[in-house]
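Next come two complexes, and both contain chain A; in the first it sits with chain B, in the second with chain C.
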Partner chain A sequence: MVQKADAALRSEAAEFSRRRQPLTPLRLLSQVFKVRLAGAGLVVVCVFAAVALLANVIDRYDPVKPDYSAPLARPSGRHFFGTDQLGRDIFSRVVHGARVSLGVATGATLLGVAIGVPLGLLSGFRRGWHDDVIMRVMDGLSATPGILLALALVAALGPGAVNVMVALGIVSVPLLSRLVRAGTLAVRETDYMLAATAVGVKTPRLMAVHIMPNVVAPVLVQGSLVMAFAILAEASLSFLGVGIRPPQPTWGIILADGFQFIDSHFWLSLFPGMAIFFLVLGFNFVGDGLRDVLDPRLGRALGLK
Partner chain B sequence: MSRRNWVLIAGLAGVALIAVACGGAAAPTATKAPAATATTAPAATRPPAATPTQAPRAKAGGTVTAVHGTAAQPDQLYPHIYYPTNNDVFLENVHSYLVYQGVDGTYDPSLSLAEWKFLDDLTIQFRLKPGALFSDGEKADANAVKVNFDRIAVVKPSPRKYVIDSFTSYAVMDAMTVQVKLKAVQAGILGELAHPGMAIMSPASLTKFTNDELNQGKGAGAGAFVLTLQLPDDRVELERNRNYWRKDAQGAQLPYVDKVVFRVVPEATVRLGMLKAGQADVLRDPLPKDVETIQNEAGLRTVRGPGGIIGAYWNLSRPPFTDLKFRQALAWAIDREAICKIAYLGNCIPGVSAVLPNTGWAFDAKLDVPKYDPTKAKAFLAQSAITSKAFSMNCDPAPTATKVCEMLQSFYDNVGIKMTIKPERTASNSELMWATKKIDSFFAGYSATPDPYSKMYTAHHLGGYYTPEGDKLEEFDTPEKLYARVNKYIDDSNLTYDLKERARLMNEAAKIIANENQFLVIGYSVFNVGVRDRVKDLRLGPLGKERYGDMWLDTR
Partner chain C sequence: MTAYIVRRLFQMLPVLLVVTLLVYILLGVVPGDPLVGIVGSEAVSAEDRAALMSKYGFDKPLPVQYGLWLGRVLRGDLGKSTIRSGEPVGQNLLRRAPITLQLGALAFLFALAIALPAGVISATRRNSIWDTAATVVSMAGVALPNFWLGIMLILLFGFIWQVLPPGGYVSPVEHPVVGIKSLLLPALTLAGPLAATSMRQVRSALLEVMAQDYIRTARAKGLAERSVVWVHALKNAMLPVVTVMGLYLGHLIGGAVIVEQVFAIPGVGRMAILAVLNGDVASIQAVVLLVAVSVLMMNLLTDVLYAYLDPRIRYA
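Coming up: the complex of A and B.
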């Protein structure tokens, strides 16, 4: 009887110990792959990332240089995705467009995180006037629809990849800062925070070591969704002619080029459209999977932890 | 259902939609054979107001629906002050002028508010049409002409003030006669008076309404229609002017059409669909790629006219454009034929002359340089003293303009010139260039009346560039005094009534403009109007825009 209880205790301790293991990136990846759709999403994202990184190797033609001998060619062995009005190879343009889209989206997300997370931490930890000021500013930013705010910012900053990145980063700040603030508010009331404060841990360390790790999970989830938003928003801005300047190939510009021919040369819009569709879908699946993995209750219910 | 399932369903639905779209788009469309195309010959028709084109038949009126894009909406409907070209079609149908000029450059008194006679080289007498009224019932008489001239001379801003300034006097001789005395011979004077900016409006409405109200279209004109409704981003409605002074050959009151509704439809594809489906009778300025579709579609045709010159303005007040060799390199580096063929899909005639081809008496087809020659362009560039061979060009984000700019960029890249494209609406560029001098260059298309003087003056003469403050623009002249020479030829061409001499002087100016690349002429656009077959006798005015005054509907 005693032996049985002992074994149960040992097993529980082992399980506790396993759960206590820090969630390393590798472990997180393996957990994400256990969620079927998230795994598929991650594969899609990785494929696009590889395409973006290897664009110069994969492309078959210069994505910018026109070929006036082959305008509006159908998809063929020579031009996998056909050519546009200026005879440029759409496959090469879509491949290089992946670099722009992912680059802008990653930059925008990192910028959003870099601004939104510290603001959220400060707001939630300090409370008082810090909280009031920061949150009212965030209220103001949130009051405008994201794409409209991005449009206004790009109009003010001028077109170009960096400006689009900055605009989309700013648009994502309110969401991320609110998320972090909510997490911080919960964590700052815990006993271990009280203990840490009591033993004289300084505020920056409190925020960086004791709070930050506990609010990072929702940021990761939200970050993947911000990536998806940024890809769509960049394409929208470029489509509207206010984003990145032509002839730089972005999916939005390729779509806009093809849009006027949509009834006669559908492939001009189809392939960039599919690229946007699958990459955004991929990020949404990854975000969904991350939420499943990082939410302790949901993760346990799915047998992930 | 969980969020994941929703996302999965959305994904599958998206794939299914794409598959359906591919299948649908690939399906062959039922189109008429190209041989059966019924396209009106370009430009060369003078509107024979009284000549029916069909066997005698009742010419039905009714409502005509025209569709156009957002940029074609009117925004400044007071013709005496500066207005962008998107207002032309409304002004031409609402107002009348002392002189009427057809797209081929001929003048037609029967379509004008007055008949004219040169008493000597410096005196023109205008005899107003008896009984002509404005839409508000006021008399279109000699006094009305004087009131309008008075107004054009003082209204601000007035881009046509220079026309009135060129008069020594204008006087009312009797109730229906006006006499204009010119300071000097002005060969282009009739062309100037035929411009929509010289519309004769009801004096009562000029007094009654403010400039802002007149800009909203409240001014009464003597044209075939009256503007009755203007809903931004939705529609503009013109209704028959019951006081219109013209009748057809059978004595029937014009216009035949009761109402023209201009609907604003932002998407070109939707506009084309509306024409095909019969929801619209007229499709204004279709995309180049849709022109062939319209020509090949049963029951549709195109009416074509000159659309004007397409090209690029350089900021000659600053480097690199102050350098002649650099400008020459820019002119020799581009393939105009390729631009017309690829960007305009054939709806453009390549050319280098600033004189439009529809000016039969002045256009010189032999002026064919600079041509496309990258080697020569590189040679010019090598001779250039400019070290930084880079510049930016403001381009309208519209698809065709963007394509032209991308093509220019690639041509310049081939010879070692780096051009950056800056998206900017066409309407802003003129002011950015001449008033603020902030930009390097901009891609432009301008419509032009068939007498070259007016457009040569306003597009290539330093005195003709419009700035709200009326700035002096001498700083735009180059070290070789390019503008001074061009200005002189343009001015001199206006000082003789001898057409041959006028043509010679115009072409001398055009040669300098082309060879020294004051303005990069790429070619001449073709203005297309897609119409349903039931639309008859739709004419184009001097600026190539539709005039609905003689139009009728075949309702058989």
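Coming up: the complex of A and C.
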């Protein structure tokens, strides 16, 4: 699998330089469209981030405290998104859910980068048995689909926001480390690396100054896609009842609550789902846009799309 | 070709070993009574306990324990469940696997049935309204949470139009019509992301192929456009599509975990969730192992198919 990725990377790179075409108006238009989508994605992400930060200001009711006087209310001026079976305001719960969702996803992504990047650097720079061991473990980890691996990890760690975060962080490590490894391998044999080694640059500096800049772009791209994955996965785990536990308002839990009343009160399920959808869409757009701007060949070569 | 397959099978072995090691470390060494995974929820007397502990090697060092566990797994003994009053995990798995397989196969067919025509139309009528519509739908399809799509389909087809059952499972082998009906919505839900991704792949691959010289030749000799696209272009365009669909099969199984829960289908995915909720370690291990092995096998199958479609790969 790893060899395949390397080979693909090299042939893609060759093809890319061969295929570079003149910029026609149509191509320019599609570039602008792509960048525009990325811009729209960034706006969506920023709006959600603002909502998450200002949740305490925006919410209209306590997202956790039941209000038995108004259970299962329709959306109205009082309750924008209606209320759930315990009379809790869905709008306020969704607003606070943004905080949990973005918090867990950010933590998971940072953790994945913190583990995956050094592993990939080590693997690609040292080669030899480091590389073999690390990459076989990564192959093993990625043989299990992400959501199932996360489920198993949460089973081992126990439920709760922090454990979900750790589990999703670990799930994202294989992809990130492979990406960094490929980037490291690509520059390892270049003349400027040889020159740097020849003038006596030490390994840590080699990695920080000469290799890191080459892997920052793909990590940034993959990072935004990991965010999208983590948001979906956290919502899924919470929906299944194995992730974050009630009464903490998360989108997955709000959806699970609403699902019980789907035949009569569909709006309970409508709004949290739309929140997940738009935030994930936003991160996908940002990731795609970043990829187009920063490095069009890396992501495609590794089949990350 | 045979040599290629054999070589790939051997390359799979170390990965498989790593998977078993990960599964064992992750879930086998959790704090708690190790015997639970062996005897299930049965009450055990103190003497039996000691005897069982030594029989299964729990008094030995961890690497030895791992070896013993691996040996039991290889002989098909996956331990006993703590729920369902100690039923052997293997039996439960064998009963559920066909259900998930039916769901996955149907979802895969749906994904192909959506992605191929949509991708071809997108590519052949580039920048038309159909192309734009397909692009928007596919972008949305990737970002849609699987379970939410399922819930919305249940709402529409199950409750508002009342044409399909909102959940539950009936074996299509015993009752073909009712059974297929019960699988339609979950399969469609599961197919969503796969269809969206592969549609984009079909589109971009076909666009690339259509620009090549042999397509011009095919047109020049007067072939009908339909046969140029569907016969000459599509086979070459399928290469990247096969890769992506192969890689996505894993996601399909992952998605099944969620979709089975939403539609109350008693498959392997539901077994995993029940096991996690009940701390049933042996069952979780079994599901993860089964899925990992299937994913690895499907990766192999993808590569073999790839080698078949593109002879250059066989000799690389």
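As a convention for this text, the second predicted complex is superposed on the first by the 261 of 305 C-alpha atoms of A that agree within 3 Å, B and C clash if a C-alpha of one lies under 4 Å from a C-alpha of the other, contacts with A are read in each partner's own complex, and residues count from 1 in each chain.
In this section, contacts are C-beta pairs under 8 Å (C-beta built on N, C-alpha and C of every residue); 3 or more make two chains touch, one makes a residue touch a chain.
Computed from a predicted model, the values in this text were never measured in an experiment.
Once chain A of one complex is fitted onto chain A of the other, the partner contacts of A:D263 extend to both chain B and chain C.
Contacts of A:N284 after superposition: both chain B and chain C are touched.
By the touch criterion stated above, A:G273 is placed in contact with chain B and with chain C alike.
When both complexes are overlaid on chain A, the residue A:G241 reaches chain B and chain C alike. By the document's definition of touching, of the two partners only chain B reaches A:Q85; chain C does not.
In the superposition on chain A, contact of A:V57 is made with neither chain B nor chain C. Of the two partner chains placed by the overlay, only chain C lies in contact with A:V137; chain B stays clear of it. Once the two structures are superposed, chain B and chain C can be ranked by residues of chain A touched, with C on top. Of the two partner chains, chain B is the only one touched by A:K65; chain C is not. The residues of chain A shared by its contacts with chain B and with chain C are 240-242, 259, 262-263, 266, 273, 277, 281, 284.
Listed in rising order, the residues of chain C touching chain A in the complex are 14-15, 18-19, 21-23, 26-27, 30, 139-140, 142-148, 151-152, 154-155, 158-159, 166, 197, 200, 243-244, 247, 250-251, 253-255, 257-258, 261-262, 272-273, 275-277, 279, 281, 284, 287-288, 291-292, 295-296, 299, 303, 316. Within the complex, the chain A residues that touch chain B are 37, 64-66, 68, 71, 85-87, 159, 240-242, 245-247, 256-257, 259-264, 266, 270, 273-274, 277, 281, 284-285, 288. Residue ranges on chain A touching chain C, taken from their complex, read 1, 4, 7, 136-137, 139-141, 143-149, 151-156, 228, 232, 235-236, 239-242, 255, 259, 262-263, 266, 269, 273, 276-278, 280-281, 284, 303, 305. On the side of chain B, the complex with chain A involves touching residues 3-4, 7-8, 11, 14, 18, 21-22, 25-26, 268-269, 272, 287, 289, 293, 335, 338, 341-343, 397, 399, 402-403, 405-407, 409-410, 420-423.
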